[in-house]
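Report on the structure given below.
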Amino acid sequence: MSEDIRRVVLAFSGGLDTSVILKWLQQTYRCEVVTFTADLGQGEELEPARHKAELLGVKPEHIFIDDLREEFVRDFVFPMMRANALYEGLYLLGTSIARPLISKRQIEIAKQVGADAVSHGATGKGNDQVRFELGYYALDPDIKVIAPWREWDLTSRTALIQFAEQHQIPVPKDKRGESPFSTDANLLHTSSEGKVLEDPWEEVPDYVYSRTDDIVSAPDTPEEITVEFKAGDAVAVNGTALSPAELLTKLNELGKQHGIGRLDLVENRFVGMKSRGMYETPGGTVLALAHRGIEQLTLDRGAMHLKDELMPRYAELIYNGFWFSPEREMLQAAIDHSQAKVEGTVRMKLFKGAAHITGRRSAQSLYSEKIVTFEDDAGAYDQKDAAGFIKLNALRLRLLARRDRG
Amino acid sequence: MSEDIRRVVLAFSGGLDTSVILKWLQQTYRCEVVTFTADLGQGEELEPARHKAELLGVKPEHIFIDDLREEFVRDFVFPMMRANALYEGLYLLGTSIARPLISKRQIEIAKQVGADAVSHGATGKGNDQVRFELGYYALDPDIKVIAPWREWDLTSRTALIQFAEQHQIPVPKDKRGESPFSTDANLLHTSSEGKVLEDPWEEVPDYVYSRTDDIVSAPDTPEEITVEFKAGDAVAVNGTALSPAELLTKLNELGKQHGIGRLDLVENRFVGMKSRGMYETPGGTVLALAHRGIEQLTLDRGAMHLKDELMPRYAELIYNGFWFSPEREMLQAAIDHSQAKVEGTVRMKLFKGAAHITGRRSAQSLYSEKIVTFEDDAGAYDQKDAAGFIKLNALRLRLLARRDRG
Amino acid sequence: MSEDIRRVVLAFSGGLDTSVILKWLQQTYRCEVVTFTADLGQGEELEPARHKAELLGVKPEHIFIDDLREEFVRDFVFPMMRANALYEGLYLLGTSIARPLISKRQIEIAKQVGADAVSHGATGKGNDQVRFELGYYALDPDIKVIAPWREWDLTSRTALIQFAEQHQIPVPKDKRGESPFSTDANLLHTSSEGKVLEDPWEEVPDYVYSRTDDIVSAPDTPEEITVEFKAGDAVAVNGTALSPAELLTKLNELGKQHGIGRLDLVENRFVGMKSRGMYETPGGTVLALAHRGIEQLTLDRGAMHLKDELMPRYAELIYNGFWFSPEREMLQAAIDHSQAKVEGTVRMKLFKGAAHITGRRSAQSLYSEKIVTFEDDAGAYDQKDAAGFIKLNALRLRLLARRDRG
Amino acid sequence: MSEDIRRVVLAFSGGLDTSVILKWLQQTYRCEVVTFTADLGQGEELEPARHKAELLGVKPEHIFIDDLREEFVRDFVFPMMRANALYEGLYLLGTSIARPLISKRQIEIAKQVGADAVSHGATGKGNDQVRFELGYYALDPDIKVIAPWREWDLTSRTALIQFAEQHQIPVPKDKRGESPFSTDANLLHTSSEGKVLEDPWEEVPDYVYSRTDDIVSAPDTPEEITVEFKAGDAVAVNGTALSPAELLTKLNELGKQHGIGRLDLVENRFVGMKSRGMYETPGGTVLALAHRGIEQLTLDRGAMHLKDELMPRYAELIYNGFWFSPEREMLQAAIDHSQAKVEGTVRMKLFKGAAHITGRRSAQSLYSEKIVTFEDDAGAYDQKDAAGFIKLNALRLRLLARRDRG
């Protein structure tokens, strides 16, 4: 277990668990710990993390606190939205998509400070350990990886708190008892898992929701909004141009008020088990639908159907942690190629837990009222062409029927 | 055009258009017309169709009126639901799935009455002509097909009405003016297209909706329901066992009250153009989500992901009219193979335009609380296994990184 | 039929059929005909085509004769080889891949000379009409297309020859009788179809082969060659750097001597029927295998498997004539992304009708003897990792078995 | 390591390695060992294995020797052939497909004798460990698995031989030195890996080949054969009806004489590394091509193209060891559905290392000479239909071009 480690970069939230890990790393590996705390829009103060790291003996120059919100949305969330990615038909991949960015930044810091190892606080049952570590290895094949939850003997909450107390790590009051569930949050979503959620028949209790307002008490009037796109990415809401992170923040506010983006899901983890989670993705839910809406008008059928067929694989790759893989990049190349003219405006109504498209327009529209009209089309389309089209599409089926009728 | 036809089976709704077609067929082909009117749950009386056919000179024994609702749901809607089929990510294929059944019955009748041709009232711009005719040819490769809209010169509404008046075909008052849009209905959905809907930026006017109540004025309290499944098909609602058509009827009532299943869509037709439609699929929307819910608990990951990857192709085949094709049947064989143990109960809330899963349980559940738990699992899962799992999944990425790092 | 045409660009081989078409166009449409004759490596003199065009009254400045061999191989054959494209498992798409280039050049010429129409000599039963015309329309949506074989009444060989004689078009002696089969040739392959080949049980007669030497009388000693790749494309043979067309020419010579690349195929045409053809692709067959060989060493598994899954669709698109489509371009973007480091040398033996890989090496190899060795690997790979890898891959299967054993 | 094991079923070849394993299991786990030796057509006597097992103290009633050749070909090789399965474009999966049958029989024996564990002799670097163990777990989720190569400390050949000598296990002379490569054989193929083959640039030495005659010295005259199919499976060779194993044996003889089925491959293992192997699949190579040949004539295009798209995934599943998985079974259901009318006769020539189709015929042919002919077809196909077919296929491309030309 304790191979020779000199310096390790830890993904450090400042919470109880990663504080214990920090101390445990120092003790177990007798190595220097470098902390990395990222602002991905999880909505927590980061400066307390700095203070805790200092208290635990991390050198000031070894405390990294980065605001990655713009990079997160621009380089991870948006490319995924271009793909209309849904895991198992429903999940917008809010946790999955944040992991590669954390891995990437950890490896960058490791290079900068000359660390030979990285560490994270994900457990041995989940997907996140896989996502972190596949990211680490893909970006630095010789990095050493320490996954304390798979190594140590602090297997119960009590043991963890005892360790904390022994080492003067402050234990928040509400952490003494069992917390009712486990969460992860970033600008795209908040996930909740475990404990009270572990019975998939039990309804998610109201107090689990943190990012979306209650659907019943949400406003009784639909709110109309517009989302504007350029090259497949959202660039403005209600006519106001916004940066990627600003835009997602704005859609989160709007989605939250209307209770949009709640998902109660039983999903298949990469490690082979089913788990039940509750996701809140207010802005992402609105954005994903808006993207579909603008593609409807501006994307060729061949491109759209190919995208739809590739999507489940693409989503699976992200879910399983293969963001930094040749095959994900190949799919992204195909998807991005299709998005050059995906631009225009989608109008939606937000109301009581759902978003609804009510209109879309684009300077790059492929929709032709002239051709589709039930009215006289002045020869734009010759209905007689359909006869030959059907005849040749039917030819193989007729040959088959002639044989099989026998 | 007027090749030698002796007897033709016409898909006859009894409305103005197919009445005109009936007369036009008699005139143009000097042939005997047999009418076929199907009850697919479109919610209209069928006896008036009999009366009109008689008035237009069809022999009583050549008037076929069939209640196909159970067959429609059992043999067409349900198999499609097993696949979680969505065309272009959103559309539940309500029109597409009804066409093959009509084709099938028309060909059966043609054989029964010794007809050498079939005819339908679909226009030359749409998908339905393709769906009808691919069905005809796949089931009887030598049948002759007459598609009046592609042949005749009644290209304007005025011409059509003139023809009707000349031939004593009653023209309903509201048909004299341009109807504001064109519709299709069956037990699964109602679609509306054309006219006021042709500008995809214009919001769908309230009066277009006929199958779902207004979302804003829908009940202010969520309604909790349960849907029970056996072998991938829904068999009961709220604990009451129902036949396929009864069940969909029941879900339609529930969905309607809560304004569920409205979809404003711009889609890509098989004939190469984009069109804008509005679909109302109240029960189908609830059912599709419920099916996902029960699969979450009872379907293996490998099966689910394969289904998700095959689905877009499967949906495209149905949309394009290839229900009676070897490839659709092959996909169905794969899908059906996965459904044997897809059984159990899904609990949902219906509220203000959307359905939400709130719980699912099954005697065939693959979810294991014992394994997934954050608590002590008593050795059900060895977290150390994850290390090797990640290492070998990472191996190729590391070899790649070693090479590419240069 | 004879809509108003002013000037038409005809794909003109100089043979009997396109000479008749030239005259027929002048007569039927009373329009100016511009001829375009391409050297795609079919191995025929092109200057006679100029002479014939002049004789038929085409203005010298309206006779276009282009050597497109380098563009053909570089921009069409090579991208397709990167994909390992095989239609229906066996066919290297030699005819299909030449059509888009001809379409492209015809449209360019049409723009240059201000033509409003294009025309080709493909029949109404084949794939080539589709490939030409989809290319035309994709590159100039408003171009008019004249397909004489679908329009005229010269439906028998006799009628065609009569027309030729009436118009002083020289009829080669061997064209007076029925030619025994129909061929198409370019630098990639020669195809033969029809007539004596129409019974798929009859063996292809020896005299049909024109591009490959007889397998039995081919050299009795294998010939060893090397093919070198850069970025997925072949760049040298036997150590000599060659341009794309030179390289394919060289491989054609080598393949020919050893009787390599003969394929007797029954294939499915896009227009719905099966046809039987014989293809000779000497250099292409060697090249395709060599490309697989170098990918084996340099391409990541994830990339390779994704390519393999996308390939049938890609091949179908080319076969069906959708080269200039968004979906073909998307797939190409994905494929090309994978090829950056596909470089190195493949050694092969050519012998009696087949090529065999005997070795491959690359500075970009991902093969690691250190890791794969059965010998002691000094810790490069920890066999114990496999235990966890298998355990977690098996987990879902075990959960399934526990349920289903019931 | 040494958890409590009572009785273990070992896949036992009788060779040095599994003899050592047998003894090691007895020593390490102090358990009873049951041996299972299968005749899969590897061409070795099995009775010596019985004798060795007895010598090593296995009870007579615990020695299982089974002839599984017919089951192997009928239930494993043939279903795979129906799929035209090729891993990474070239490999006929000869090793992969034998593993699930061995796993299945081991589990059956374990149940019969009340064993609580199974064991195999595959190393920790290869695919076979995965294939065996996924099979075990899928068929008995609670079975214990012992993989000695991943557990013991006999990491060098010398250590292994020392252990053998210490325990009176006879060491064949040629095993004292390093054997020049490692092999696996069954009725479908022989594979060779390791040692002299580990440099992928070095040509495979002649002495490695054991199942195919030298290509150069093979007969100078092609041999014509026929293969007959029913429902997708080969049933006769040269007019003689044969059982599955007899048929493959016959094709092996024929293929061997003509040096057919040699494959020098660098492949991607599931465990993440590339390896180089040499495969000899004489009969299988002939059979795979023959199957393609009969499908060409009898399989609908839609079915064939779907099969081609599903094939790489199917092959990957078998290669990776997921024979007993829902997704492999789903794909098999789809594939098998397509094979009902895949019947008829294929004629081939075998010559100097390759097989060539020279004809195919079938009572279930979908090929229509009447329709495809270049001659007058008497109206079987209306060439004018192609115009509409092309127009509507082109429509979306024209709309795209109009937009993008801007």
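Going by the order they are written in, the chains are A, B, C and D; count residues from 1 in each one.
Heads up, the rule we're going with is that a residue touches a chain if its C-beta (ideal position, glycine included) is under 8 Å from a C-beta of that chain, and two chains touch if they have at least 3 such contacts.
A quick note: this is a predicted structure, and the numbers were derived from the prediction, not measured.
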Query raised in the report: When you check each chain against chain B and chain C, which touch both of them?
Result: A, D
Query raised in the report: Roughly how far is chain B from chain D, going centre to centre by Cα mean, in whole Å?
Result: 42
Query raised in the report: Cα centroid separation between chain A and chain B, in whole Å?
Result: 32
Report task. Take the average of all CA coordinates in chain A, do the same for chain D, and state the distance between these two points in whole angstrom. Result -> 40
Query raised in the report: Taking each residue of chain C in turn, which ones touch at least two of the other chains?
Result: 268, 271-274, 300-302, 305, 313, 325-326, 365-366, 368, 371, 381, 384-387, 389, 392-397, 399-400
Query raised in the report: Are the chains arranged, by touching, as a line, ring, star, complete graph, or other?
Result: complete
Query raised in the report: Mind pulling up the chain C residues that touch chain D in the complex?
Result: 84, 88-90, 123-125, 129-130, 133-134, 137-142, 147, 149-150, 155-156, 182, 193-195, 198-204, 215-216, 220-222, 262, 264-268, 271-276, 292-293, 296-297, 301, 304-305, 308-309, 311-313, 316, 324-326, 347, 351-354, 356-361, 365-369, 371-374, 376, 381, 383-387, 389-390, 393-394, 397-402, 405
**Report entry** In the complex, chain B residues that touch chain C
**Finding:** 300-302, 341, 364-366, 368, 371, 381-382, 384-389, 391-393, 395-397, 399-400, 403-404
**Report entry** Of all residues in chain B, those that touch chain D in their complex
**Finding:** 268, 271-274, 300, 302-303, 305-307, 313, 322, 325-327, 329-331, 333-338, 392-396, 399
